[in-house]
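Below are two complexes that have subunit A in common, paired first with subunit B and then with subunit C.
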Partner chain A sequence: MSVKTALAEIPRTIWTSIFRHSLPSSELGQAQTSFTNFFLHVHPVKVNRHTLKATYTLGLGLISFFLFLILTVTGVLLMFYYVPSTTQAYDRMLDLRGSVAFGTFLRNMHRWGAHGMVIAVFLHMCRVFLTGSYKRPREFNWVIGVFLLLLTLFGSFTGYLLPWDQLAFWAITVGTAIAGYAPVVGEKMRFLLLGDNTVGQEALLRFYVLHVVVIPLAITLLVAIHFWRIRKDGGLSRPAEADMAPGTEALSVQVMAAPIELKPAEGKQSFGLMGLVRGPFTKVGNTPENTVFSWPNLLMAELFVFILTVAAILVISLLFHAPLEEPVNAMHPPNPAKAPWYFLGLQELVSYSAFWGGVGIPGIEVAILMLVPYLDRKPGGVGRWFAKERLLANTLFVSFTLLNVILIIIGTLFRGPNWEFVSPW
Partner chain B sequence: MRLALAIASLVVLLVHGIVFYDQFFHKWERYQNAYFDQARTQARNDEERADLASRSPRIEQIMVTQFGETRVDRCTTCHIASDDPRFAGLGHPLKTHPYSAALGDTQVNGKWERRHKFNDFGCTVCHEGQGRGLTDHYAHGEDHYWPDPLLGYITQEPWRKDFVKHLKGKDYMQAACAQCHTEEKFAGTPIVARGRQLFFENNCYGCHRIEGISDGTLGPELTEAGKKFKVDYLWESIADPRANLASSFMPKFKLNDDDVKALVIFLKSRHGINLTETQLAQFRSRLHPAAVVESTPSPTSTDLVSRGKQLIQDRACGACHKIGEKDGAIAPDLSFEGLMKDDQWVLDHFKNPRSRMPDSIMPGFRFVETDFQAMTAYLISLKTPPATATPAETYKALCQRCHGEKGDGLGPVATYIDPAPRDLTKAAFMNSKPRERFVESIKQGVHGTSMPSWTKVLNDTQVDGLLTYVETTFTKDKRRALKPRNVPAQNPVTASKESIARGEEIFLARCTGCHGRKADGKGPNSLDIVPRPRNLRNSPFVSSIADQRLIESILYGVQGTAMPPWIDYGLSQKEAGDLVHFIRSLTQASARPQLRAGR
Partner chain C sequence: MSTKVSEQNGTRRSFFTWFSSAALFGSAVISALANFVFLKPRATYGQPSRFSIGKPDAFPSGARIAIETRRICVAREGNQIAVISTTCTHLGCIVGVADTGFACPCHGSRYDQDGNVTGGPAPKALPWYQVKLAPNGELEVDTSIEIKPGSYYNV
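And then the complex of A and B:
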């Protein structure tokens, strides 16, 4: 081959070395595209029609993930301007608002994105519970999800301090005080978190490191496992009948539970690599199909959720500015000093009993959340909203979440100076 | 779905458009371009024109590192002509900052030369505002979270409407001048000097500490008042002390608007540090604070009384008290103190007012012992009561200041007196006590309260006449025969630790709602009760009351007050006796028990 042809073909060869396939025109192409692309191979080649039903998932998991991406991008850009120092942080905020290009907008996006992610992750958890999706074999993925919820809250909480204004300072003072109510270890924990007895330079630095390194890394890792487990557990949860091709009879799907016996590798292997994959989605058996290709169906759905999320955050960031209150004045607490809004339910409880509100009840709630899939083991009602079989579980869950939401609303809107009841109207 | 996707994408594009527009078309660029255009037309030579042509809009900033914390002032980004004398006639923001001899600017060969060069001082050190901001809303400090809006120019949205009109004007900038020009008689800051004078004239120094100036401990420290508080808060705290904190006992002084303004400007100038001092100088001044109170009369004056008189005058006791003609309308009348108190009482009270009057708001001044002695000597020398012919005149001259014109206990100073003066119109109370009790209260006074002993002022006939006047004018209701009450003359229980413990048990169960867990009269219900529940830790009061009267008040209640007859709730004489032992144990220095609940 002449050098001339090689030179002439450089653009094409580079392109094809990166993208091995042209835009898919056949089913084979669609399969290969998903399979050979690093980013797309997170997806299965084919995906169940039920998974694509917008009314089933409401796209909440994806929204949470995309918000995390938006937070990462805006967060990294903000990091270029931020200094975690008590003498400089607030000035940097003023610079962001005053003279940094797009500074206000970046901060707005980051702020509202963070609040949005707390809400989205919480609603995602509600969706998963109310559709019974945590049941076998997805128990462990639920537990990872609970950890992700806690990490999201903690990430938002650590970020709250960084502007170093009155709102930040007192919210963290109150929030960490709640942590200090734990018996025996409470005070030590608080000291470890703050690096001091009060919120100060050490606390700012610790929160900064947690916020920009530790928590994002942990979330990334857990999200990866979360996604991987979805694949390994056979895609999103769905009712048994969703696996039937339209018009076919209900077939026994026992094949799903039957383990594939692996013979020791001797002689010729008669199955492809895919055949080794254990679990319910193996295509070895003649499982009836009700699937469509991920390319373009799943991708379009994801793009749709992505664009909607971005558009929502952009519009909100355009309309509302992230708050920036007075510079920190440790001698002048606002009355009432309130924790970040998602902890106001706890603060409301703390106003009745420090231990039970700060440690007891939230501890029990988290423990129950983690144990839910191991306590509720009846297989019925998976893949449908508010399944009749799950009336008790759903009722309990809804009452508990409603209770927490009501406490948060009371703490946010109905509490005035000295934590006395006030009417917001 | 595709339509929705298209709409959403359009929204994303649109928002980007708006954000980019905002980012690249700033108001300040327009100001700067206008400035360049104007300057070009006025340019006199090619050099100037070339210089202007090479300039393009950019953020201008002045970094000031010499005064306090580093300041970044970007004000000149909009106010770009502030140092260009040709723009004196234009409107803001393209206007030359005025030159003024009062600011120290000088004219050399017809050209003004600034004393405070902007490159050295920046802008916010004098004007305040937010130097980093680039929009007028933030830069001028209109955002109500910003602690220092432009002094005298910007008032923030939540400020009280009735104060806002007082809070504008150039005068306020004197507070900024005085951050560096701390000399008391500095020509440029007459209002600050006036404020400082008022600070002493009104005895503010008695309660408030300002480092290097005063040493009071009763009120909040004001060393950094100018840094911590906005002018509206300072104004409110002086003009309406209880507006912000209902339980504040700061008196409302007799001040006109100009006085309040001078005080606000004086306080606004207190930043804790003098910006012109080096850190070493600041450290030194802290090691050797300035004299606490000036104008101490010469020690050669051996006449204690005249020296005391001078001291009382210099130290502004009249800001609260009435002494002769001067009446601060806050604290008791001292015009004939010598007839009502002895010198030991006055001296003790000077040293620690709450040792004699447990709920007094009088600050404990940290004067030297000889000053106290001189002041005491002077007060004790005041022995001339006002001459009064009729009981009505007597009431007006002696009683009205506390008990009020209508006898309702709401005299002009009543707000500041705790326990409050008795409401003489309350027949239920007035008629439930024997007349002798009132005669005794007038003649002997009521210990631990502001009711003094009038026995050296009024003779028996006058006391009797006065009481009759009160009964007929205020109480009005005819006195009826008192029902006999079964009250033991002595405490039926012998004092013992067990009795005190039983008393505490009963107290915690029945009394804390009003009298409070500390028995200081500040229970949760106390705020709604008039007259306020007794402070049972008021040692002079409690020890002056006999067991019999305490037991009677507990068992049969105090009519005309919220104290109920506990005998109706099944309290026995013995239990009342236990309670009395407990109450007395609170004020006896020895064996004072720690209240379990109060811990």
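And then the complex of A and C:
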């Protein structure tokens, strides 16, 4: 080979050292693309057609994840200008608005993205419940999901303080006082969180560290486990008939789906296969399958949701500005002093009883949420919205959710000065 | 004989397994707790709990004067002086001082002149703080010492 050809091949050599395969032109290529690319290998090589049904998932999990990505990117950018100091934070907010290129826009994106993520994660939980997707073997992934919901709320809550305006200061004063009502550890927890007896410089610094490091890392780790478990728990939930090829009769599937009996050999075992597949999902039994290649089907669906999410956040951020009120005045609470909207249901309850509203009821709610898959173990009704078999569970969940939503609406719109009932009209 | 030896080995091994696991786990728990000790500040940068509020003459009889920066209200009736907290016992908002008592703007808690709850979600009365004359003739308040409501200081 001449030097000239060797040199000419350098770009191509570099390219192929990074990307092992060219764009797939065969089924083998499609499989290899998902398999060998770091960013794509989270996907299975093939997915069930049912997984791609937009009306089933509504893309809510993906929307939550993409909002988290948007929040990470905009958040890191905002960090370049923000200082977590009581004397500087508010001025930095004004600087963002006045003298930083795209400052207002990035702050808008971060703010609306955060609200959007709270809503998307909540709706995602509703989707998972109403389709019965927390049933075996996905129980633990539901629990991780509940932790992710709590972390999302906590991330949003800690971010609320950072602008150091009146809204921030009093929302956190009220919010942390609610935490102080927890029995035994409440006051200690509050002190640990604030680093002082009142909301001040220490609290701002602590909330900043939690907001930009601790919570995002925790969310990243749990999201990774959440995604990993989706794969290991057999993909997205789907009804049993989704695993049959169109036109296959149910009876034949019954026969095919008979689990393979595995007898442990005495003392020695050999694992010739890549892995042992448990249950009725053996690939051996399920041919012909009702699956399609992830590349490009799943990828295109994901890209579509991504573009939709980004577009929505961009449009909202162009239309509406993130609020910024007067700088903190620790002497004069606004009247009424309200917590962030997603905690106003709690604040409404707190106005009746501080302990029950702030600690008792939310504590019980979270405990029940985490235990859901262990309390409701009846199989059936998985993979369909509002399955008839799950009428009781769904009714309970919907009423419980509606109650929370109504309390939030009352707290947000119907409470005025001195927390007295007002009409928004 | 041989079975006995192996059984003994098994017990010893399981003991060491158990013991080292417990030690490892214990160390992990202690390390985690140490982090909490680290996170709990020993000194705070907030306001001191003991401070002067000036000479008694600054508070004429019948006055109910809120000192917002200190989150207290100084009430004087004749020679009797009381210092009442203006931090709402409900969720830590600052209550407004009126002639009839105190009212919280956040969740509508109301207190009478002595700080007793008369309405709203507040779980307990506003605390009274210790106040006395310092040698320099100024009134000194200590918010770390709560006194029985109704126990006035005579000047």
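Methods note: the second predicted complex is superposed on the first by the 385 of 425 C-alpha atoms of A that agree within 3 Å, B and C clash if a C-alpha of one lies under 4 Å from a C-alpha of the other, contacts with A are read in each partner's own complex, and residues count from 1 in each chain.
Please note the rule applied: contacts are C-beta pairs under 8 Å (C-beta built on N, C-alpha and C of every residue); 3 or more make two chains touch, one makes a residue touch a chain.
All figures in this text were calculated on a predicted structure; none of them were measured in a lab.
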{"item": "Which of subunit B and subunit C A:Gln201 touches, first, second, both or neither", "value": "second"}
{"item": "Subunit B versus subunit C as contact partner of A:Phe191, first or second or both or neither", "value": "second"}
{"item": "First (subunit B), second (subunit C), both or neither touched by A:Ala311", "value": "first"}
{"item": "Partner chain in contact with A:Val174 - subunit B first, subunit C second, else both or neither", "value": "second"}
{"item": "First, second, both or neither for A:His332, with subunit B first and subunit C second", "value": "both"}
{"item": "First (subunit B), second (subunit C), both or neither touched by A:Asn418", "value": "second"}
{"item": "Which of subunit B and subunit C A:Tyr134 touches, first, second, both or neither", "value": "neither"}
{"item": "Subunit B versus subunit C as contact partner of A:Ser353, first or second or both or neither", "value": "second"}
{"item": "Residues of subunit A that lie at the interface with subunit B and also at the interface with subunit C", "value": "331-332"}
{"item": "Complex interface listing, subunit C residues touching subunit A", "value": "36, 39-41, 44-46, 68-69, 90-94, 103-108, 120-121, 123"}
{"item": "Residues of subunit A that touch subunit B when the two form their complex", "value": "87, 91, 94-95, 97-99, 101-102, 105, 165-166, 300, 303-304, 307-308, 310-311, 314-315, 317-318, 324-327, 329, 331-332"}
{"item": "Of all residues in subunit B, those that touch subunit A in their complex", "value": "1, 4-5, 8-9, 11-12, 15-16, 18-19, 23, 59, 69, 72, 74, 130, 132-135, 138-139, 145-147, 228"}
{"item": "In the complex with subunit C, residue positions of subunit A that touch it", "value": "170, 173-174, 176-178, 180, 191-192, 195-198, 200-202, 331-337, 347, 350-355, 417-420"}
